[in-house]
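Heads up, there are several structures right after this.
In what comes next, chain A is part of two complexes: it sits with chain B in the first one and with chain C in the second one.
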Partner chain A sequence: MNDTYAVPAVALVVVATVFVGAFGLRISRTTSDFYVASRTVGPRLNAAAISGEYLSAASFLGIAGLVLVQGPDMLWYPVGYTAGYLVLLLFVAAPLRRSGAYTLPDFAEARLASKTVRRLAGAFVVGVGWLYLLPQLQGAGLTLNVLTDAPEWLGGVIVAVVVCATVAAGGMRSITFVQAFQYWLKLTALLVPALFLVLAWQGDGGPRHAFDEPAEFREQRVVRVDETVDLKLASPLTVTVSGTIDGRRHDDRRIDLPVGTHRIDRGTRLTFTKGDTVPVADRATNGGMSTSLAAGREERPLYATYGLILATFLGTMGLPHVVVRFYTSPHGVAARRTTVVVLGLIGAFYLLPPVYGALGRLYAPDLALTGDADAAVLLLPDRMIGGLGGDLLGALVAGGAFAAFLSTASGLTMAVAGVLTQDVLPARGVRHFRLGTVLAMAVPLAASGLVGGLPVADAVGLAFAVSASSFCPLLVLGIWWRRLTPPGAAAGMLVGGGSALLAVAATMAGYPGTGTLHALLAWPALWSVPLAFLTMVLVSLATPGKVPAETPAILARFHLPEELVGGRTRAATKEIELWRR
Partner chain B sequence: MPNDPTERRVVVTGVPRRTRRTSGYHRPRTEIDEQTTLGHTYVRSLMRSQLRAALAVFAILVLLVAPLPLVFAAMPDGAGLEWAVLGFGIYPPLVLLAHWHVRRAERNEQDLVRLVEDR
Partner chain C sequence: MSGEVSGFLAGVFVAVLPLLAAGFWLGRRTARPRNSLGGLGTPVEHATFQTLHTATLAAPPLRAGLTEETARRSAKRLRTLLGTDALCLTDHESVLAWEGVGEHHRAEIMERLGGPLETGRGEAFRLTCDIIDCPVRWAVVAPLTVDDRVHGALVACAPRESAVLVRAAGEVARWVSVQLELADLDQSRTRLIEAEIKALRAQISPHFIFNSLAVIASFVRTDPERARELLLEFADFTRYSFRRHGDFTTLADELHAIDHYLALVRARFGDRLSVTLQIAPEVLPVTLPFLCLQPLVENAVKHGLEGRTDKSHISITAQDAGAEALVVIEDDGVGMEPEVLRRILAGESSPSGGIGLSNVDERLRQVYGDDRGLVIETAVGAGMKITARLPKYQPGVHPDGGIPRA
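Presenting the complex of A and B:
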């Protein structure tokens, strides 16, 4: 891909992010400004910021890539990401704002008056946050690599440095502006090229077989395999090969490949003819964003779909970077209205990635084969339009992709740094918050260097599953059930979140390879969420003496409109006083 | 209005302070502040109506979404429908459900406020 325009576009996004962040720094004065923008952000600005923060690398690049490789089943991802906000609105939004806490651990402590539960919630926030940061950094590396052949680590380092600078300098207020700006940037960066791509598609006669299963080549195409891959063939394939397959050299020869897995060495050229089914690279050998837990899906597709639905619908409310933004609303009613606007904004955005996925199946099906499907969004303008127009549109998309990494990463860093500052570092205050920021970013950056190819979809799915089976029961039961006790909450989080974490960690480590057990481990939400709720309820019922004495007063504060409780949340106000410089 | 600059919000009530002290009548507002049995009843009834509103919308969401994977799997031409529904059709109902719930939740709260502020 021509990088004449893409590199300046990425640079422009980075500079604009720093600039808008610096604008926030000028008016970010107190600790309260730092953490929750003094709770004065109106619904529209806050909704754009929430949406900007939420639409991550997985949304911007990953969904189109997943759809390209695995077909329309993958559209459940964006649907789940959106519907998660509806569930959050129904059960959590307004009471969470009225709880007057800064972070999820604050909520846990305010509700249950227990330092232990607070620390446990803090550990899960840091864990989920780091898990979610890792793919953002890797996605940035992949994008820069596709655009400019820069080494894989460079993109991650750039994102880490910019995010640390904006977050540490201005805190929440500055990232509110940055993220609202980045929502509109991301929408534009996907919408404008999509319009041109659809026009190009119509000019091409509007071929419709993008929706066919499975994807096919629509013309003769030569594919060069840049990195050694294992191809899984579901049906025999006849292909012209020049290069090495399964250890044997072929020189521009037409050969028949039987059903099964075949190793294609790097540098091999495959020539497909029109109508050939597009083979798919095996998961084990590439670490792109689009390589989901494919093996589990083939064995239990319905189970996997329902597991995905449950994890995304219920997991959204517990994502640390999502929840922290609700504290910036001025009151509970505004928090609710903000959520409705968010639903509209991210729903509008998610209409676009499927367009890229469908067009990718038509015009770039070979990406599925080389394992570069995540690059589909970046490469389509060049493939379909070409020339100067294609380059400019490609540059716009690249800028948007970087905005996606920057915004999600800064939200996550903010949340993790908040927990680290309050619960881990010895003293509070703005200076320590800056130290916490660096710490929050350093660990996933180091991990991305060490772990290497952890697939983005897997890491994001893991974060959702863990959040759905730890924070979802804590929030829902904490807000609606009077008899929740600290031991019950702790046990539920440990059993549910812990088992979900172990299950997906085991899957990623490659244990066990096949069968029902594998499907159960790869999509844990279906059993771990009910398990978490059940544990929390049963242990709470078994320890009725431990129900915190202030429970009725706290629940009254969560649910009563602000005008009936004196218009302010006392605990939080006191804390702001303490922290004020 | 409080002189302390940190207190930004103002308590809005229909009744001046004096009247409340002198009258022997316990208004619901005081009940809530002082956490009497009557105050708890107000909170409980609000929580129940809000939970009912939330569960109603949640039930609609479940009924809407849960059968979809089965329908797509069962239909011979499921893929085309799946593209249409998941790629586009499902988003407007989600936003409408959210909008409907917000109006209902705010009405529940306003009902309580009117009850409490009314003497």
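Presenting the complex of A and C:
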């Protein structure tokens, strides 16, 4: 791909982020504008900020990649990512805001008055944050690799350094404006090219067979295999090969490959002709992207789909960088309104990635073969439009992609660093926050060097699964169930979140590869979430003496509108106490 | 191939991390001085240590007062301490916790307790029982007294009479009483802090009221509309500062009050005072002690205009800094000798008029802990910069709430 415009676009986004992050929007106001200055953040602005922080590499690149490789089944991802906010709206948003908690550990302490539960929640925030950061860094590496042929690790390192620098240099000032701007940038970066791509598709006669199985090449195309892959052929294939297949060298020869699995060494070039079906890399053995989880999906599609739905529906409320944003809302009602607007904004955004996925299946099906499906969004403008226009649109998409990595990564780093500083590292102070920031970034950066295998959307799905199995029960039961006890909450989080975390670790390590067990481990939410709820309820019921004494007052504050509270809460609390007797 | 190996390594790494953390935590939890037992010399020393250790373990629950929960948790240790078959703790009405055998004597014991609870004197009596091989036949009652008032009783049961047990039960009851007295003391200390904070709760200075009314009066004829506006500002400000409920407010409300205050001050000083504001909207919902920034602004106004006739400038900024909000109030006035300031903050000398910095500093320390006091940078002639760090979340601090329990 031509990088004349893409690199400046990425650089522009990076520099702008650093600049705005470091200096903030220095708007000084005189006293005459006092009222304006002290006006709180409105739902619309806050919602754009939440959306900006939420739409990550998984949304920007991953969904299109998965749709490209696996077809419309993958539309559950955008549906789930959006519907999570519906659950948040219905059960959590307003009470969470009224609790006055800034982070999830704060909520645990406010509700259960237990330092132990607080620390446990902190540990899970760090765990989920790291799991979520990992695909951001990988996505950055992939983007830079596609744009400039830079090594895979460079993009991740750039994002890590930029985020650490801005966060450690005094946090992100005026973060709400920055993140809101990032949302509109991301939307533009996908929307404008999408319009042109759809026009080009129309000009091409509007072919509609995108999801006819299997995908086929629309023109002669040379595919270079960068990593050694195993190809599984369902039907015989005739292809021109220059390179090594099954240990035999071919030099620009046209050969027939029978049905079965073929090993193609790296560096091999395959030339397909128009109308050839696109072979798909074998899931279990391919070391590249877009692999392991799909195997479980192919074997147990229904189970995998429900696992995904549960994880994304219930996991959103436990994402540390999302929860933090709700604190900015002035009161519970504003928090609810904000969530409604978020639903709209995110819903609008998620209409676009599937378009890229479908077009990618038509115009760049070879990406499924080389394992670079996540790059579909980046490559499509060049493939379909080409020339200067394609380059410019490609640059816009690349800039948007980096905005996605930077905004999500900085939000997550802030959240993780905050917890590390407050609950893990011994003393407090600015210097420790910097140490926390570096630590928050270093671990996923190191891990991203080690774990190479997962497509970004799947990796994010795992973070959602852990969040759904630990924080969802804590939040839902904490807000709606008066008999929750600290031991119950701790046990539930440990059992549910811990088992989900172990399942995720096993999946990332590539164990056991296939079979029912693999499906269970790759999509843990379907069993780990009920397990967490069950543990929390049973242990709480077994320890009735440990219900915090302040529970009625706390729940009254969670659920009563703020106007009623203040002087009158105590009367209400007394009534509730009387009623309990 | 290398991808698989590194992937596996990474998986192991991710799997081991939580285990390590859990191990670390468990290790810290279980690292009690118990393992140093082996180093003790003679059996007597060993026994002494054991007794002291058991007593120490029984103490913390009782420090929260005598309730069912605390009685249950301490009764087990107390029985170990006395070495009896059964032990129970009661208040005036009922048995709070029964530890050990023979629980069917609950009702009987409560009947027999009337006397000791009335007189506050210990007693020993035989238990009547229909069960042939009932393990407890005899009970000794030792009342628990705090400040000469009987709060309850400790009852130890045994198969037969024992003079040693009577003495021991008395001693243990006295020890428990001391713990309960400490609990009482804790409570009164909390009440004292609450009262102190209530007393510290800032009040607007009388001077300010006089000056404001004078300024408004001066506008009544020349500019009635302005006078009306100012009167409304004055009403708003006093309504805020005289409000009764809650000890906390939000930064947004506090800034509104400061706005009203500054409107009145500017009416008095006109162009001599200019104010700039930089408020990050993210920190407006932060909860903070009621009227704890307005005195700082008042202070800045006073110092800024003191002893000069030219213009003075005040800047108020509130930044978002992760889990806390950073509020800085800066003036370019006469400043202060750091040593004088230190004495004011230590409460050794009071500043001339107004409610001072020390009040705000003290309240912030009471609510957020000693490391969240005011940070003041100043020198003579160099203005003054006051920084307050307000955590976005603090247990027990919410806009409608009272003072958090220590």
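Here is the rule we use: the second predicted complex is superposed on the first by the 511 of 581 C-alpha atoms of A that agree within 3 Å, B and C clash if a C-alpha of one lies under 4 Å from a C-alpha of the other, contacts with A are read in each partner's own complex, and residues count from 1 in each chain.
We adopt the following convention: a residue touches a chain if its C-beta (ideal position, glycine included) is under 8 Å from a C-beta of that chain, and two chains touch if they have at least 3 such contacts.
Keep in mind that what you see is a predicted model, and the values were worked out from it rather than measured.
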Query raised in the report: Which partner does A:433 reach: the first (chain B), the second (chain C), both, or neither?
Result: second
Requested in this report: Could you tell me if A:344 is touching chain B, chain C, both of them or neither one (first, second, both, neither)?
Outcome: first
Report task. In the overlay, answer first, second, both or neither for which of chain B and chain C A:336 touches. Result -> first
Query raised in the report: For A:110, is the partner it touches chain B (first), chain C (second), both, or none of the two (neither)?
Result: second
Report task. State whether A:544 touches chain B only (first), chain C only (second), both chains, or neither. Result -> neither
Query raised in the report: What is the contact status of A:301 with respect to chain B (first) and chain C (second): first, second, both, or neither?
Result: first
Requested in this report: Examine A:247 and indicate which partner it touches, taking first as chain B and second as chain C; both and neither are also allowed.
Outcome: neither
Query raised in the report: After lining up the shared chain so the two structures overlap, which partner does A:327 touch, if you call chain B first and chain C second: first, second, both or neither?
Result: second
Requested in this report: Could you say whether A:75 touches chain B, chain C, both of them, or neither, answering first, second, both or neither?
Outcome: first
Query raised in the report: Is there a shared patch on chain A that both chain B and chain C touch, and which residues make it up?
Result: 562, 565-567
Report summary line: Seen from chain A, its contact residues with chain C in the complex are 26-31, 33-35, 37-41, 100-103, 106, 109-110, 113, 119, 123, 127, 170-171, 173-176, 227, 287, 327-331, 414, 417-418, 421-422, 428, 433, 447, 449-453, 498, 501-502, 504-511, 545, 557, 562, 565-567, 569
Query raised in the report: What part of chain A is in contact with chain B in the complex they form?
Result: 71-73, 75-76, 78-79, 82-83, 85-87, 89-91, 94, 211-213, 301-302, 305-306, 309, 313, 333, 336-337, 339-340, 343-344, 347-348, 350-351, 354, 358, 480, 552-553, 555-556, 559-568, 573, 576-577
Query raised in the report: chain A touches which residues of chain B in the complex?
Result: 6-7, 9-12, 29, 32-33, 35, 39-40, 43, 46-47, 50-51, 54, 57-58, 61, 65, 69-70, 72-73, 79-80, 82-83, 86-88, 90-92, 94-95, 97-99, 101-102, 105-106, 109-110, 112-113, 116
Query - Complex interface listing, chain C residues touching chain A - result: 1, 3-4, 6-15, 18, 21, 25, 68-69, 72, 244-246, 250, 252, 255-256, 259, 262-263, 266, 274-282, 284-285, 287, 319-323, 371, 392-393, 395, 397-400
